[in-house]
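Two complexes follow with chain A in common, the first pairing it with chain B and the second with chain C.
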Partner chain A sequence: MRRLSRAGRDALTDLWLAGPATVMMIVLIFVPVAIVALLSFTDYQFGARSFRFVGLENYTTLFTDPIGRRAVTNTLLYVAVVIPFSMGLALLVAMALHEMATWSRMLSNVLRAAYFLPVAATLVAMALAWQMLLHPSIGLFNAVLSHLGFPRQDLLSDRGLVLYTLAAIGIWQTIGYNMVLFLAGLAAIPRHLYEAAEVDGADRPWERFWTVTWPMLGPTTLFVAVITATQSFRVFETVATLTDGGPAFASETLVYALYREGFVYFKAGYASAITMVFFAFVLALTLLQFRILERRVHYK
Partner chain B sequence: MSTRLLVRRAVSTTFVLLGAAIVLLPFVWMLSVSLKPADEIFTREIAFLPTRFEWSNYVEAFTAVDLTRYLMNGVVVCVGILVFQILLAVPCAYALTQRRFRARTLVFGMVLAGLLVPYHVTAIPIFLGLAQLRLLDTYTALILPFVASVFGMFLFRQFFAQIPSDLFEAARVDGLSETAIVWRIAFPLAWPAATAFAVFSVTAHWNDLFWPLIATSDRALATPPRGIVYFNDQESGSDVGPLMAAAAVVTAPLVIGFLLAQRAFTQGLAAGGLKG
Partner chain C sequence: MMALREVTRRFGETAVLHGISLEVAEGSFTSLLGPSGCGKSTTLRIMAGLDRPTTGRVLMDGRDVAELTPAERNVAMVFQSYALYPHLTVAQNIALPLAMRRMSRLERLPGLDRLLPSARAKRADQARRVASIAEMLGIEDLLQRKPGQLSGGQKQRVAVGRALVRDPSIFLLDEPLSNLDATLRVQMRAELAALHRRTEKSFVYVTHDQVEAMSMSDRVAVVLGGRIAQVGAPRDLYERPENRAVAAFIGAQPINLLDVAFAPGESSGPFAALAPRTASTTPLPARATVGIRPEHLVPAPGGAVRARLEAVEYLGAEVLLHLRADDGQALRALAPGDYAPPAPGSEIALAFEPRHVHVFDATSGARLALGLERAAA
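For the complex of A and B:
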């Protein structure tokens, strides 16, 4: 056997190190993305022997069919509810814990862990715990309601309330994550800025917040907003566990529609179009996130 | 200390304590129901604590459904995915920072582009591919789609980029092969990145419901979330005690892991936010 040149050996080593990962990336990510894009223009059904190209038909169906439109509008509404509440509460908690750390680091750390717990917990299991808590007859929530003289509510079977109930669970699950990001942002604000603000007459907490904290947290806030949005767009576990998109499609979301149309009804072509719309939303948000990260790096 | 400051602290402390109580409420209620005897569950009275602890719900959870099997499946799937992810990502990340080859920029570009793709997007084609290969309803179907973690490659690459290349050069002079350098020098150095990545990966896949719902219909292959969804579907309303016990058992490993290793968990999960 002829001995390989040094360059040849080097090339083989590179191939051995980076080749497997590259091949798997192509096979498991890039080829599938191309296929799903292509399928979204067909009427392909799982198991069918043939398919034909139908142009934009799947996309028009998604945006004109009442159920398809529900999936899109519900997802947007869910995201629009989760973002402000999750972020606002996370910021309040982060500021309170940041201040608390100056007089009791231990209590602050314990509470921080408590708020972060839902992030690590299994969402499907916790969704069932929420279901118990909100149970119309034996749940704590309704026991309290009826104790206070209000009528009992079945929050997960009420068409008007179900999406907001799921959003509340989404908020519950993401506050801890956003709190950690805000705490990091708060820790990075130099103390002397507060002293300077105080010298300039901003001595009330509210004034300090608007003159120092809020402007300095700007990049963090944007980053948190985009992350919360991309996470919320994927809402699936709570829907699949608690409502199956119901009642009457009132809690239908994009990823749940993609699952049901594709893997329950086997409409691969239509499900691919749903996938592409979901992807477009997430892609736009993630690209925005990269731009923010980049700006944050330049800023330093 | 001024009174105003004291009042402010009292208000904000009350606020965070109240908030924490609400955040912890589902955990408390889950444990409480799982420990209550049936007659105390089906009551309209408000009681946080059971009057007597009833462990039979936990026994029932392990016998009514094959919870042990689900937990084992969860371990097999999470460990399988993590091992393959590291086997692929670490050498690739090393090559991307410590070696000069022509396709390097292209491969790194692919890693960055891959970060933009949520795994829901590739579900339909991968399902089709697995069906073609007759691999649906196998452990392979649960593990294979996740072996190429672009997030792992990115994380390790960022870490290796900070290590001075003199270190690896010295190892080469000592006659170590590149493969040996990757696993005996680079990987141990990257331990912090590996811990963060392991936390991220295990949490994501232990908790995942989407893919197991698609790739398997065989109950014997159910992962923990899939398993409790089966339990919830078959449960007619009388088994809520055992159901909450099963939910508590499934959540316990990660929650205990988090409480024991808060730093690693927070860092690992916070880093995961970079993934699109």
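For the complex of A and C:
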């Protein structure tokens, strides 16, 4: 047998390395997505022997049906609240802990662990704790409220508040992860830049932040934004465990609707349409962030 | 004028500076020269106000500046890594110190600086200043680029431009050339020296490269182990090192340091043909370290020093001779490039001028007022 040329052997190695993962990607991700995309144009019910193409009917239902629209707007509102607060608070915490490490490494590490706990803990288990905390009669939150002279609030059953309550839990849960990313970003900023800023007269904390910290965190911020966005679009556990999308669909979200339509009502066609919309939102948001931000953060 | 008075600096248990006292005269080019880890950068950072001394005082024009920030001291600094802001263009990098100094917070706000008439006037003024600096440094074409698109030498110039732009009281340069390639380093050396002449400001230049220190400065402070070993003009350091450590540190070719025993009228080892000569009041030490630079020890028939040739290194302009004296001590001598060395193993006579001999105390290493002269036969 003739030996392959060197370029041929290199190509074969590349195939060996990238091939299996590529095949898995195609079989487990691209093909199912294509099937889901196809199903979203049908009235297929899970287990049914036949289905019929209904065109865009599933999509029009989602965007015209009050409940479907509710799921879309709720999800967008949830994302709009969680992204800025989670990122902003995580950045504040990261900067404080980064600074704190200079005078007490120990305390900084303890707090880091504390902030990271919600990330490591199971959200379903944590939801139980939140339910207790927020309970209208026996919860700590309401005990404090009434102690301070405010009226008691049923945060999980009030139509106007429930989504924000879930958003608050979502923020609480994502801060730790974002904080770790920001801490890594902060640690990578060369010390000389701060010193140059100090010599140049940007020596107050606010000026230091705008001259060095914020611009240098650009790539980290972009990454954190993408991660937080995709994560908050997927909000499900808190909805499923704490509210079931209620009261009166006030906390209905896309993934929860998808779960109910697909796995409770077995409306696979409609659930597929929701999946595609969900997918489109995440993709659009990610692309938007990259387009707007990437040019600005890498400074090339 | 900047002065340090008995400055010490400890980091936890480690003492980095042990009482540094130094004066930087107005308009001088002073180098802090020392091996890495000797404390020269810490000294510079204390001058800048980026670090504070544990004890001791920092004076500028006689005033204690311990409580002043770098900006308030109006120092300019060039960092080894250049420390340019990667998100700003070259023009913005250079203008930043001006904007920080002369514009209010409101006027600096992005967008507002185009709307407010006062901010517009200041921005225009800054742009003119940046343009003139850029022209002086030959970087006019780079003003709209980001630092990521520049070569090392160009970044270096931008960093210098940023230091120049606001007319500082003193320039502090922390190993500014060490990231450049050799050719560029030689070129930038000349440019920095020219810049010093043109600005007539004080420069403090930290380097581990003695060629940089010797060629650019009018004063060099040799920092060794957190202490200033010697301060003086480059020529003084080379011709009259105050102690053994400075003698060993200065010089392209490491100096020969030989252990020599003395008795009245006689010396040991390779200097056996020579007699120690001291001022009548100073006692003659029994032992001392004799230093002589290889370039001052040249083969000459009838030379007073005799040693056996072991190996030869041909360097082009010179020939480096590795020799061994009768008492086993190694010696190195530098002969002109056209010198034809004899076969290894043969004995060579080497000559030197008496003023090129440095004698140091065998224990403390301090310079001794002791010379060697040909013994009366």
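Here, the second predicted complex is superposed on the first by the 255 of 300 C-alpha atoms of A that agree within 3 Å, B and C clash if a C-alpha of one lies under 4 Å from a C-alpha of the other, contacts with A are read in each partner's own complex, and residues count from 1 in each chain.
Following the convention adopted for this analysis, a contact is a pair of C-beta atoms (placed from the backbone, for glycine too) under 8 Å apart; a residue touches a chain by one contact, two chains touch by 3 or more.
What you see is a predicted model; the values in this text were computed from it and never measured.
K.L.:
Figure out whether A:Gly218 sits in contact with chain B (first) or chain C (second), or with both, or with neither.
P.N.:
Only chain C is touched by A:Gly218; chain B is not.
K.L.:
Using the touch definition from the top, say if A:Ile189 reaches chain B (first), chain C (second), both or neither.
P.N.:
Neither partner.
K.L.:
Per the contact definition in the header, classify A:Leu161: touching chain B only (first), chain C only (second), both, or neither.
P.N.:
Neither partner.
K.L.:
Let me test your reading of the model: by the given contact rule, A:Val119 touches which partner, first (chain B), second (chain C), both or neither?
P.N.:
Touch partner of A:Val119: chain B, not chain C.
K.L.:
Quick one: is A:Gly201 in contact with chain B, with chain C, with both, or with neither? Answer first, second, both or neither.
P.N.:
Second partner only.
K.L.:
Comparing chain B against chain C, which has contacts with more of the residues in chain A?
P.N.:
Answer, by number of touched residues of chain A: B.
K.L.:
Taking the superposition as given, does A:Leu76 touch the first partner, chain B, the second, chain C, both, or neither?
P.N.:
After superposition on chain A, A:Leu76 lies in contact with neither partner.
K.L.:
Which of the two partners, first being chain B and second being chain C, lies in contact with A:Leu28: first, second, both, or neither?
P.N.:
first
K.L.:
Of the residues on chain A, which ones does chain B touch that chain C also touches?
P.N.:
none
K.L.:
Could you list, by residue number, the parts of chain A that touch chain C in their complex?
P.N.:
Against chain C, chain A makes touches at 190, 192-193, 195-203, 207, 211-212, 215-216, 218, 296, 299-300.
K.L.:
Hey, which residues of chain A end up touching chain B in the complex?
P.N.:
Those in contact with chain B are residues 10-11, 13-14, 16-18, 20-22, 24-33, 35-36, 39, 46, 89, 92-93, 95-97, 99-100, 103, 111, 113-126, 128-130, 132-133, 137-138, 140, 143-144, 146-147, 172, 175-177, 180-181, 184, 205, 227, 230, 234, 236-237, 240-241, 255, 258-259, 262-263, 268, 271-272, 275, 278-279, 282-283, 285-287, 289, 293.
K.L.:
Per the contact definition, I'd like the list of chain C residues that touch chain A in the complex.
P.N.:
45, 48-50, 69-71, 75-77, 79-81, 83-88, 96-97, 100-101, 146-149, 162
K.L.:
Would you pull the chain B residues touching chain A in the complex into a rising list?
P.N.:
Chain B reaches chain A through residues 8-9, 12-13, 15-17, 19-20, 22-27, 29-30, 33, 41-46, 88-89, 91-92, 94-96, 99, 101, 103, 107, 110-111, 113-118, 120-129, 131, 144-145, 147-148, 150, 153, 178-179, 182, 203, 206-207, 209-210, 213-214, 224-225, 228-229, 232, 240, 243-244, 246-248, 250-251, 254-255, 257-259, 262, 265-266, 269-270, 273-274, 276.
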